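Chain nomenclature is as follows: A, B, C, D and E, assigned in order of appearance, with residue numbering initiated at 1 for each chain independently.
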C-alpha cells in the first residue's frame, strides 16, 4: 500500500493488455501466413523476416529518439504486428529492400511521426503499401502463381536467397497477373467479363488461395478463419466486417445485375485481391477506425463502397488500400458527429423527454 | 521597424525562413522541388519578385491607404510577375520552358504578400529590399535543398537539367548520384514534397534545439560568473 | 498605419527651414487631411495604381510581343527537326505550313520540300494517357512510313510513364520505319493487348495512348494523302487555308 | 489592349471606392477584447502588475503591451487563460504554480496598527485599532498588499489550506511507468 | 418477470466467495471512536455536545443542518474527549470536523423515541422519524434517506425499487443482511411503500446470491400488504446503480439531470431499508452498519456489524491483521472504493467494506498509450466515449470533455477495468470534475472579490470626502480665526489650534456576514 502515489480506482482489472491484444491478432494471422509460406516458398519467408525485422529496428530507433521506454513498447507487439501485416500485403517474391523500405515508411512516417502507438491517423501498413505501390509500381505488381514449397518448380533455400536478396532476374519470366489485374486489362481490351472469368476464375481455388497475389492475401477462407477467431476472442466487433462486406456485396451485386458483361459478381469481389484479408485485419485496426458502433458501420460501408468504385472505375485494379486510407481520413469527422447515445439523453445530447418515458410505463 | 540589417539577414536565412519557419509557399514547393534545378529556378524568380515588390511597396507605402493595401499589393505583385513572365519568355526562353508553368504560381505565393504586409509596408526602402533579398535567398536555398534531397532519393540524380537553366557551362553540376537507381517515385511526386519537408523541419528543429541548449549553457555560465554580457 | 505616423512620415518639413515650400506643403497637407477619409480618395488612389500598372503591363506586352513570337517559332522548328531530318528539306517548314480540314477539325501540316519535291510532312497528334493528354509530333514520308515520333507535352507519372520521352529512353524510337502496313493495322497495339509494340514495364496506359495516337496520325495521312501530296510547293497554302 | 487597361482601371476605381465605403461604414471602435480580459482578471485592483487597476491592465493586455504573466494573484492558471484569450504563446514554465495564496497574521507579532486593513482592497482583514487582526480567508485574493505595509512583518502569505471540499484527485502521471 | 437491457457493463471476478459464508459478527468496542460530522451528502451536522460531556448510546451528538443533512448519534455510551479536526476516511487523508468519544464499556442505551406502528402513522411522521434517526443511503452515496422519502411530494410515484444488487466485487454485507434479517427487510419495504404511497415494490437481487433470494422470497410470501416481488437480475457490474437498476426492472430510462422519482420510482438500498425499519419499529438511530472485511491479504475475512466511528485499524486488528503488506488497502469495493490514506480513520455510515488486496488481485500494470480499441466504449453503461474524454482531459481541454458527456459519467470504473492499456480513466474523470468545480469556485470568488472591492472603494471614497470636508471646515475655521486674530491683533495674543483627526474604526464590515449566509 502506498500513500505517496495515490491512484483512483477501480482496483480490479480484466487482465486485458495491449500485448495480449496484439498477440491474439498475430495468432489469427498465423493460418494465412503459414499458407503463404507454403504457397510461395523460401523467398516469401525471407521477405517476411526482413520486413518484420526492419519494423522492429525502426520502432526501436524511433522510440529511442523520442525518449520513450524502448523495451516496454517493443514488447507491446504493435511494431511487429505492423511489419507482419505489411509483409502479408507484399508480392511474395519482391526484393528484400521493398520490405525494408516499406517497414521504415510504415513505422517512421505513418506511425511514430504521428506520436507512436495509438496516435496515427492512417493505417501504417496501408500507408506503406500505397507508398510502395506508387513508388515502385514494377516491383509491387509482379505477382506470381503458386509455387508450393514442396513442388519441384519451387526455388530451394539457396535460390530463394538469390531471388529475395540478389535481384534475381528469373522473376520477370514467371510473373502472372492477379485476377483483378487480368479483369482490368481484359475489360480494357474490350473483352466481355464472362469470357475473362471462364478462362481465369476458379472459385474453389480463389477461396482456398491457389491464385497469384500477395503473400498473405490469396486465401479468403483462411482470412475468414482468422477473422472469426478475432470475433470470438472479442478483439474485433462485427460492425466493420459486416458493413464492409455488405456494402461491397450490395454495390457489386447491383452493378452485376444491371450489366453482367462488365461488372464482376459480388463473389468475385469478395474472394479476390486483398478484400477478405483487409476486412478482418486492416479495416478493423483500432487506432484508425471510429470509436462508436454506428461510426464503425459507416466506416466499414465507406471502405466497401470506395473499394468497389476504385476497382471498377479507377486506374488501379485493387483499391482496398486507397479506400481504407481515404476512410481513415474521415474518422475524426465520424467520431465528432457519430457518438453513442448517452444514458438519459437523446442522440443530440439533450435530456430525454420525461413524458415519453412515462408513456412507456402505461403498458 | 527597428530591426538591424544583421537581424533581417538572419531572419531571412534561418530563423524566419519562408518555407521552414513560416511554412508558406507550400503550393509551389510541392510542384517544383522534384529536382534541385527546378527549385533553384523558381527560387531565383521568386527572389527577383520579392526584391522588386519590397522596393516598390516600401517606396509607395505612404500612398497606400490601409483600406486598399491588399488590392494594391496584389496588383503590384501580379504586375511584377507578369512582367517577369513576359520578359523571361522573350529573352530567357529555355529557362522559361522549364519554369514557365511555375512563374504564375508566384502570384499566389502568399509569402510575397506576407512580406509586403508584415515588412515592406512598414519599413524604409533599404531594409525592405534587403528583407526581400534575404527572404528570397533563404527560400531559394530551401527549395534547392528540398529539391536536391527529393531528386537524390527519388531518382538518384542531382541538378539534372542544370545546363538548361544556367547554361552549358554548368553541366558539371549534373551528377548521377546512384547509378541504376530504380527510382523512389513518391518523392518526386507532390506527396514526397510534404514528407521531405517534414523531415527537414525535424532536422531544423533539432539544430535549433542544440543552439538553444548551447545558448542556455552560455547564459548559465555568465550568470554564474555574475557578468552582464548580453548575447 | 495610423494617421499621425503618416503625417509625420510624409509631410515632415526639414527642421529649421522656413522656406516657401513650407506653405505649399501645408496646403497639400490640409487638402490631404480633408480628403483622405473620403471613399472617392481611395478610389482615385487604387484607380491610379491600376492605371499605372496597366500602362506598364501593356508596354511590356508590346515590347515582348515580337521576341516571344520568334521564340515560339524556334520551338516549333526545333521539335519539327526531331522528326524530319534536316537533310530532307531546304524550305522553312513553319513558313510553308498549311491546314487540312478533317472530321475532327483543322490540323496544321508542316511540309518538307527538297528542291521543290515534297519529301515529308509533320503534324501533331494526341491521345489521352494516364495523367492527361499526351501531345506528340510525327513525321511521315510520302509513302506513309514514319520518320520519327516525338512527345512534345505530357503529364504522365515521372519515372514511369515519362519513359516515352526520347531523352528518357529508346521506347519511342521503335516507331521509326513503321507504317500502317508494317505491322498490320490489327497489330497496332501494345504487346499486352496482343499487338506488336512493347509496353513499358509498370505502365501500360501511357504506351497504349501513344500507340493509338500514332496510329490515328497515320490513318489521317492515309485519308488525306491526296490533299497532302498534291501540293508541290508552298503556294497552295493560300488556297487551302 | 485598351479594353484590358480600361477594365483594370475600372476595377481599381470600384474596389477602391468600395473599400473606402466599407472602411467608413463598418468601422470598429475600441478594442472589444479588453472587456473580456477584464472579466478574467481578479478585479481587486491591487496594483501588483504595475498598472493602476485591473481595467488598465486589461487594456494593456489587449494592446499586447503587457505580459500575460503580469498578475501574481492570478497565478499560472490566469496566465494560461490570458494567453489563450489573446492567442499568444507564453512561456509559463518559469511561473511557479503555487495555487492560490492567502494572507495569514501571526498573532504574536500583530500590534493592531490597522495599516494592513486600510490597504486591503477587499476588506478581508478585520480587527479594530490596537486589536489583533484576522484574515477572512474567503475574501482574501492574495495580493500581498497587506504584507508589504505591515511594520512588524506579522503577515505572511500561505497556501490556502485544502479541505475535503476543495480537494480533488490529481491529474494522473503522464509518464509511462516502466 | 420481463427484464430490460442496459448498455455496457462488465463481468468482474466477484470474489464474493471470500466472505459470503461468514455470518455477521459484532465487533468489540474500540478504546476511542471518531465520529465525523459529515458522513453524508449535504451539509455537515451541527454538534450539540461539548468536550467533557458524557453521552449514552443513541444520544444525538450533532443535529442535521439545512434541508439535505443527517443527524449523528453516539454509537455507544462514553465521554466526549474532543471536538476538532481528525483524519477522515477519504482518499485525500485530509482532516475534517470530528467528535472523539471514549467508550465507557457499558454500552448503555439512552432514551430512545417510542416505537411506531408504521401503518397507523402518517407518512410525514415516519419521514421525520427516519430523519431523526440519521439514516442515510448505505449503498455508498450516503444520501439522507428521509429526503428521498419526502420525494413523494415531487410527483406521482408508482414503484419502489429496493436495490439489493450488490454488484461490487468482494462486498457481501448486503447479501449477509438479506440472508439473516430478511423479515426485517421485508417489513422495511412495506414501511417505505406505506410512506411514499405506492403499492408495488421490486427487490432487485443479482443472481449470484441464491440464498438471499430464497430468504427474501420466503418472507415476501409471508407478507400480504403490498405487491412485493423479488427479482433476480443478471450478475453484471454496475447493475447496482439506481438509474440502471430502475431501467433493468421497469424499462424506464431516467433523463439526464433528473431523479428516479421523476419517472415515478424511488430507489432505496436494502441495508437502508433495514435501517429505516429499525428506526421506525424500534426507534433505534443509525449507529452501526455491516462491513465486509475481505481481500487476499487480510487474515480473517468476514462480515461485521461495526459501530460507526470505529477506527479501521481496530477492525483490521480484530481480523488478525495482514498476512502480508497489502498492495492496496481500500474502503469500499474494488471498483468504486477509495484507497485508505490512514488506518486511524474511522468507519462511517457509507463504508461497506474494508479490502486488503494483494498484488495479484489489483493487477496494476504499466500505463500504455491509448490504442483506441473502444473496449471502454463497449463497457460504459452510460453510453460515453471514455477514451475520448480522457484524451481531452489529458490535453487539459476540460470544457470539451464536458461537451462529450463528462458530467454524465457515474465513475463506475467499467472503462478502467477493461482498458488494455491500463489508462487510469476514472482518475482522469475525477480530476477533471474536481478541477472544474474548483474553477467554478474560483469564478465565484472572483465575483465576490469584485463586489467587495466596490464596497471598499465606496467606503474609502466616503471617508475621503468626510476628511476633505473636515479639512475644509478646519481651514475655514482657521482662516476665520486668523482674520479674527488679525483684527484683534493689537489686543490679543495668538493661540495654537489643535486639529482633531477622526479615528478610523476598523471592524468586520457587515457585508462579509451577508456573504457567509449566501
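Everything that follows uses one rule, which is that a residue touches a chain if its C-beta (ideal position, glycine included) is under 8 Å from a C-beta of that chain, and two chains touch if they have at least 3 such contacts.
Since this is a predicted model, take the numbers as computed values, not measurements.
Looking at subunit B and subunit C, the chains in contact with each of them are A, D. Across the assembly, the mean Cα position most removed from that of subunit B is the one of E. Measuring from the average of all protein CA coordinates, the nearest chain centre is that of A. Here the two chains linked by the largest count of contacting C-beta pairs are A-E.
Averaged Cα coordinates give subunit A a centre that lies 46 Å from the centre of subunit C.
One simple way to say how far apart two chains are is to compare their mean CA positions; for subunit D and subunit E this gives 36 Å. The geometric centre of subunit A is 53 Å away from that of subunit D, both derived from CA atoms. Spacing of subunit C relative to subunit E, judged by their CA centroids, is 83 angstrom. Counting partners per residue, subunit C has 41-42, 45-46, 49-50, 53, 61, 160 as the residues that reach two or more other chains.
Across the assembly, subunit D contributes 12, 15-16, 19-20, 23, 169, 172-173, 176, 178 as residues in contact with two or more other chains. Annotation for subunit A: residues 7-8, 72, 137-138 touch two or more other chains. Across the interface of their complex, subunit A is touched by residues 130, 160, 192-194, 201-205 of subunit C. Per the touch definition, subunit A reaches subunit E in the complex via residues 1, 3, 6-18, 20-21, 72, 76, 78, 116-119, 237, 286-287, 289, 291-293, 335, 339-345, 349, 351-354, 357-358, 360-361. Subunit E makes touch with subunit A in their complex at residues 7, 10, 12-13, 91, 93, 158, 169, 243-244, 250-258, 262-264, 325-330, 334-341, 355, 357, 361-366, 368-375, 377-378, 380-385, 387-388, 404-405, 408, 413, 416-422, 424, 426-427, 430.
Only residues 137-138, 141, 185, 188-189, 315 of subunit A touch subunit C when the two sit together in their complex. Listing the residues of subunit B that touch subunit D in their complex gives 67-68, 71, 75.
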